[in-house]
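In what follows, a single structure is set out as structure tokens and then discussed.
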Amino acid sequence: MKILVINGPNLNLLGQRKPDLYGHKNLQEINTFINDYFKRVKLEFFQSNHEGAIVDKLHEADGNFAGVVINPGAFTHYSYAIRDAIEAISVPVAEVHISNVHNREDFRKTSVVSEVCQGTVSGFGVYGYIMAVQALAHRVKRDAK
Amino acid sequence: MKILVINGPNLNLLGQRKPDLYGHKNLQEINTFINDYFKRVKLEFFQSNHEGAIVDKLHEADGNFAGVVINPGAFTHYSYAIRDAIEAISVPVAEVHISNVHNREDFRKTSVVSEVCQGTVSGFGVYGYIMAVQALAHRVKRDAK
Amino acid sequence: MKILVINGPNLNLLGQRKPDLYGHKNLQEINTFINDYFKRVKLEFFQSNHEGAIVDKLHEADGNFAGVVINPGAFTHYSYAIRDAIEAISVPVAEVHISNVHNREDFRKTSVVSEVCQGTVSGFGVYGYIMAVQALAHRVKRDAK
Amino acid sequence: MKILVINGPNLNLLGQRKPDLYGHKNLQEINTFINDYFKRVKLEFFQSNHEGAIVDKLHEADGNFAGVVINPGAFTHYSYAIRDAIEAISVPVAEVHISNVHNREDFRKTSVVSEVCQGTVSGFGVYGYIMAVQALAHRVKRDAK
Amino acid sequence: MKILVINGPNLNLLGQRKPDLYGHKNLQEINTFINDYFKRVKLEFFQSNHEGAIVDKLHEADGNFAGVVINPGAFTHYSYAIRDAIEAISVPVAEVHISNVHNREDFRKTSVVSEVCQGTVSGFGVYGYIMAVQALAHRVKRDAK
Amino acid sequence: MKILVINGPNLNLLGQRKPDLYGHKNLQEINTFINDYFKRVKLEFFQSNHEGAIVDKLHEADGNFAGVVINPGAFTHYSYAIRDAIEAISVPVAEVHISNVHNREDFRKTSVVSEVCQGTVSGFGVYGYIMAVQALAHRVKRDAK
Amino acid sequence: MKILVINGPNLNLLGQRKPDLYGHKNLQEINTFINDYFKRVKLEFFQSNHEGAIVDKLHEADGNFAGVVINPGAFTHYSYAIRDAIEAISVPVAEVHISNVHNREDFRKTSVVSEVCQGTVSGFGVYGYIMAVQALAHRVKRDAK
Amino acid sequence: MKILVINGPNLNLLGQRKPDLYGHKNLQEINTFINDYFKRVKLEFFQSNHEGAIVDKLHEADGNFAGVVINPGAFTHYSYAIRDAIEAISVPVAEVHISNVHNREDFRKTSVVSEVCQGTVSGFGVYGYIMAVQALAHRVKRDAK
Amino acid sequence: MKILVINGPNLNLLGQRKPDLYGHKNLQEINTFINDYFKRVKLEFFQSNHEGAIVDKLHEADGNFAGVVINPGAFTHYSYAIRDAIEAISVPVAEVHISNVHNREDFRKTSVVSEVCQGTVSGFGVYGYIMAVQALAHRVKRDAK
Amino acid sequence: MKILVINGPNLNLLGQRKPDLYGHKNLQEINTFINDYFKRVKLEFFQSNHEGAIVDKLHEADGNFAGVVINPGAFTHYSYAIRDAIEAISVPVAEVHISNVHNREDFRKTSVVSEVCQGTVSGFGVYGYIMAVQALAHRVKRDAK
Amino acid sequence: MKILVINGPNLNLLGQRKPDLYGHKNLQEINTFINDYFKRVKLEFFQSNHEGAIVDKLHEADGNFAGVVINPGAFTHYSYAIRDAIEAISVPVAEVHISNVHNREDFRKTSVVSEVCQGTVSGFGVYGYIMAVQALAHRVKRDAK
Amino acid sequence: MKILVINGPNLNLLGQRKPDLYGHKNLQEINTFINDYFKRVKLEFFQSNHEGAIVDKLHEADGNFAGVVINPGAFTHYSYAIRDAIEAISVPVAEVHISNVHNREDFRKTSVVSEVCQGTVSGFGVYGYIMAVQALAHRVKRDAK
């Protein structure tokens, strides 16, 4: 089973930006942490600050991955293009946020992508990525029965 | 490690109410499913249609449990009393929703408790309870180091 | 045919609270008035100031009654728990308000339960209960043909 | 006792427009159904797609009828002229909607006439007209005592 | 100089509807009262409950009258058709309201026609019609200099 | 193939009202312009300032025309009666606006009929009528294959 | 009969500020224009850019004047202090605006004083002051009968 | 004179929950503090996390107490049932909040009960209870004169 | 201990303006009533209809008074200048309203100063001033321990 | 005459994404369909999921094309950058939507580009592209006269 | 070249009020700091807590100064009187805020004067005054060429 | 000292787009104008129509520049990605707008980046860039003391 993990804008600064909120691990360390957790799931990681590049990547995922985990960063709040891309492909997508987006600025409470995702995980730190991968894997196994 | 799982109003009807949305398992079967998953976590289950009873239970959890998983049902959308109870106790609380609350009626998009919970999981079916228990357990272990 | 009549919070004060608006009959007299009107319909009456008790009662009604008439009192305006209970059961529910809720305070114009009820009657005084019982009975008869 | 039944715009298409929502009877059959129900009440029926014609008719009703049953159709949502006409006459007016206006489009949830009507009935199909006539008749009898 | 006075829906009931608010004179008496006040201004009076008829009348006024005084009644609050008619003709139009529309229901505070009228008079009773005719006459004289 | 072209209130003043915005042709010239464009489509033209008359005309169109082109003028913004008429008939309806309604007053940005029309054309001057007739004709031909 | 005419902030700049909108007469010339119009009404004029000074003046007017004409300038839109002063005194107050406040910036459409004034005149240029004085004088004469 | 003091949900945690905001005294100590302050007033204390229990208690207070002091906790913001109970009884009710509810979260700024209470005290710590009891006692004495 | 009592605009008319709402005592009598109540507190009274004068007075209070009681009258609803003045000084300020501001016009429900005051008292008539002085005095004594 | 046709994000998936809504043709087939329709118009096609690339393309169009047809996809709803690009160039731009954007999700009803386009066509399927090209060509010919 | 620097309410407390936000210099020191910076610009300083006094001063500036720098303090958010004064005079006005008004309370984000000022500077501390003076001086020099 | 100047989308069209609003200089000329002004500040200029490219550039600026001046063009109004990038880096950022964004379209009044910038300059034409560079330089010097 192959699962794609996408990180949106500014998440390349993880470990360096607001460590109290986002933790001290950088993106490479987080990817390693996630990768080490799973034995039977093959993960691919992708990060971009470009909305169009993420849309392109989602299109590519269709047919090539069993699921997509996405942390859209700030695009969460206004990128209807990413929303339409998620809706247009048939791969299940799980939305992840490292921090609890509900107790920060008001604009972070609105997600334009949640509606078309399989589900959402927020507030559990980088462990949230692992939860999302597990949920997608669980679903694939259940559907496979 | 002891973790409390609370289910709010109408969740006693699970398996019977909108099975396409909530699945075909009843609450007893779901609890068994969750319980069977964990070896080292001791779970206690509680369901009530009474807001006051849930507030009372949350107060009791303080000092007696390492974490609380709560699916507040319809109370999610207006019970500031439950919100204040969660905020008042020092046990971490994880919010769970079986369905994806973001692609249903508008009123289901607002949660008055998310802001004071550790994190939120929604849309992954009853598997979401397992994700939430794991996240709380992961946190307890990490803090214990 | 058995029909359940539920009255929500503060309706135990009928006859005593704002008689110009709600009339001079107390709840006992109103129940008698309704009961005397029908020969072939068996009515059961229930009143509670507790939201959870009304949710419990609605669950019990499922399978035991041909219809439910409910005046949710102030719960009309915010109890999504009662709304979900009405939606979860398969018995048709008719909403009744004694006064015309549209020419009073603004908050009384919003009902969170109307959307999931069979229909609504408001402004016709206690006669509204009789109208609602008749409508449910008419429906049962029509469906029985 | 004479009661006037007014139907607003597009209700001349009943039976043909959205039968799942409005039923299969056409307006003539509905009027006959209502008329047959009552022995002692003399009913007059009026339908128009013209707002001004309905205002004129309401003015004529003053002094000539004991009550008016009105289904204002789409005028429900914006005709302050009909509202003012209802408020200006001294005949009690009952508002009827065949479908449950609360579980359809948002604009159908707002009625600019409810505030000045005696009461409102919605969601009980064409039987709602009979409920409204009964309620007006009940009121006339009660006031006559 | 010829000036047209238009009265909108329900104003044919003046003298009879809410006399505390609108006064005890009927529309005929008001028209006579206005007519008697002016010697050199020739007045024509028109009342209709039909929005389309008022639009037609405004079109006819173009080129035939030096000014129009209009009390649009309830159409004030939603008739963009009358608004467009006023804007489309080159005759100056003065808006009149008998009562003070600002201390009544909220919907009466919004006028969709004020923006395209020459000016507005409200709250001075039927004397407001005289004020409006005078203002239009004053303007005609000033422009004629 | 027969197509009906309806123009709403104040469009009888075309050529005379705001020519910078609406052009210098009057309604008769526009109808001729449209008529001359088509060889195989038989057009009928109808204009009224009366909402009820337009509703009546739409009802008549059902079964008699292959399509309706409508410029509802100011009724665009509030006539739920016309909206319901369009929804109630089975003829496809195309909405046309001569000017670009999106760069004018705020109230012109809201159309209560677009939702139930086949499609909308705005901002292309009187050529928009031709576009709309073509689109309906194209659809009829495609469906006929 | 004595009537007080109050002008609010920036109206001391009349004749100089936006003459296309407010006309070419300065405040002194306007006062003379008004004064010359009336023979039997004794007028007093007051202008201030200080909200508190206008409140003080309104208090003094109580018992000393038969009416007050006020153009509150920008205070129209937010001075609840002036509103309370108008409401607190028993002299009738007429609100005047030189320009048509409804076809300018949005904030000018809201008046916090209209609700407590006798009536409002706007859009008729400086002639509006004369209309307001006449209306107050008419009222005094009518009440004196 | 007997006065009832009601505390709503989560106030049983006083002394323990956010002491910086609510102070270090627990509910028992606060009740003793209030009780010790008064010689001639007989106080009864009641706390519940159940909305229905508070409604029941308010009904019981009618006729048995000279006044009620209530701190509705989180119910302040949504319990129309408690609001209706306060409005339905004839005992004067004083609303108390320990903290200044206006400089905390937005939802705490809205009280659905203030409108039907005699008055409100907030921000003066637990001394606010004493102020409220005094105010009710003062009123009783004044009315008794 | 010295405490300053400030009254805002139109409160110089107390006893004369709406006595049913504000009582029959004039401001002088109220000040005497308050003054007579306290033995150990030295009170100074100040009233002005000028926003700037109240800001000046608040600045002077800093360092010269142990507390300020303020009834900002209509300034309550929009004077951010007074709000900033209260926030800028280090003296605790208590806000008082004679009437219950929550069951009057909508604009009276918003206070722009509550957020920066120590606390608020409303609805207890002129006795509210005494409550506020006591609360400030209580605080001073407690802090002095 | 050269006209540029731009398609925004996710429109490269046409034929594959929601065929009931968008039809079964893929983008290449649609482009061929459009191209085949016109003899004298030279068309260039461009599609990108990158907002910046579309802005760049619009800048290039200035001076090189007689018109631009754009279907901005999801960028319709938030890309003020594309809006400013359209406004900044002097080529007329026609906005096209394949589906009727008014009867889908709420966010699709808002277009931030309509205000600066020549006109808009929506709901007529891929035939809408042909309508838009024709309208631009008609305009060029008319202006050329 | 003469430039006037106006400071609004509570700015006389600079240095003393929130030094973390506004800095440690008092108003006299700030004025000296600004004055010392410029050789060829003659500055006059004015501060008042009275809205009317600021309006008066702005009127006086017309014709006497080449530019005005204004920090309206709290008046920024509601004084339409100051806005109208700025609009009414022909001197260019530059708005200055010491702190970044966008990351504080919500009400500070709205400025009713920005729309009529030449430009705005905020967030650069007291150096913002120097920037504003320079900008006005630059403009005067450029226009003088 | 090195400072980076970033210009967002469509600003490559300066001099050509709306010269009345933005001036007649093109971007190259503006950059030269700014560059010539400063002797001791080394400036680097960057322009892109791609949101992602600006985010990348901001990340690069961290540690390499003493400050950033940014005119985000249309991204000002919705790019939370740029906002997060500004917040994530430790370089002070100054926001510049050439025109006065407050007296144009409504959407231009909202900036999602102001909250995380050091300060904002708008309305002073291209001179605003010089003001922003100076302010950043002033800050660097002050902090260096």
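Chains: A, B, C, D, E, F, G, H, I, J, K and L, in written order; residue numbering restarts at 1 for each.
The rule we apply is simple: contacts are C-beta pairs under 8 Å (C-beta built on N, C-alpha and C of every residue); 3 or more make two chains touch, one makes a residue touch a chain.
Keep in mind that what you see is a predicted model, and the values were worked out from it rather than measured.
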Touch-network distance, chain G to chain K, counted in steps: 1
H-I or D-E - the one linked by more C-beta pairs in contact: H-I
For chain H paired with chain L, centre-to-centre distance based on mean C-alpha positions, whole Å: 54
Averaged-CA centre spacing for the pair chain L and chain G, given as whole angstrom: 48
Chain D residues counted as touching two or more neighbouring chains: 50-53, 78
Pairwise chain contacts under the document criterion: A-B, A-J, A-L, B-C, B-H, C-D, C-H, D-E, D-F, E-F, E-G, F-J, G-I, G-K, H-I, I-K, J-L, K-L
Touch list for chain D against partner chain C, complex: 94, 100, 102-103, 111, 114-124, 127-128, 131, 134-135, 138-139
Chain J-touching residues of chain L, taken from the complex the two chains share: 8-10, 12-13, 16-18, 48-53, 73-75, 77-78, 107
Chain I to chain K touching residues, read off their complex: 50-53, 55-56, 59, 78-81, 83-85, 87-88, 112
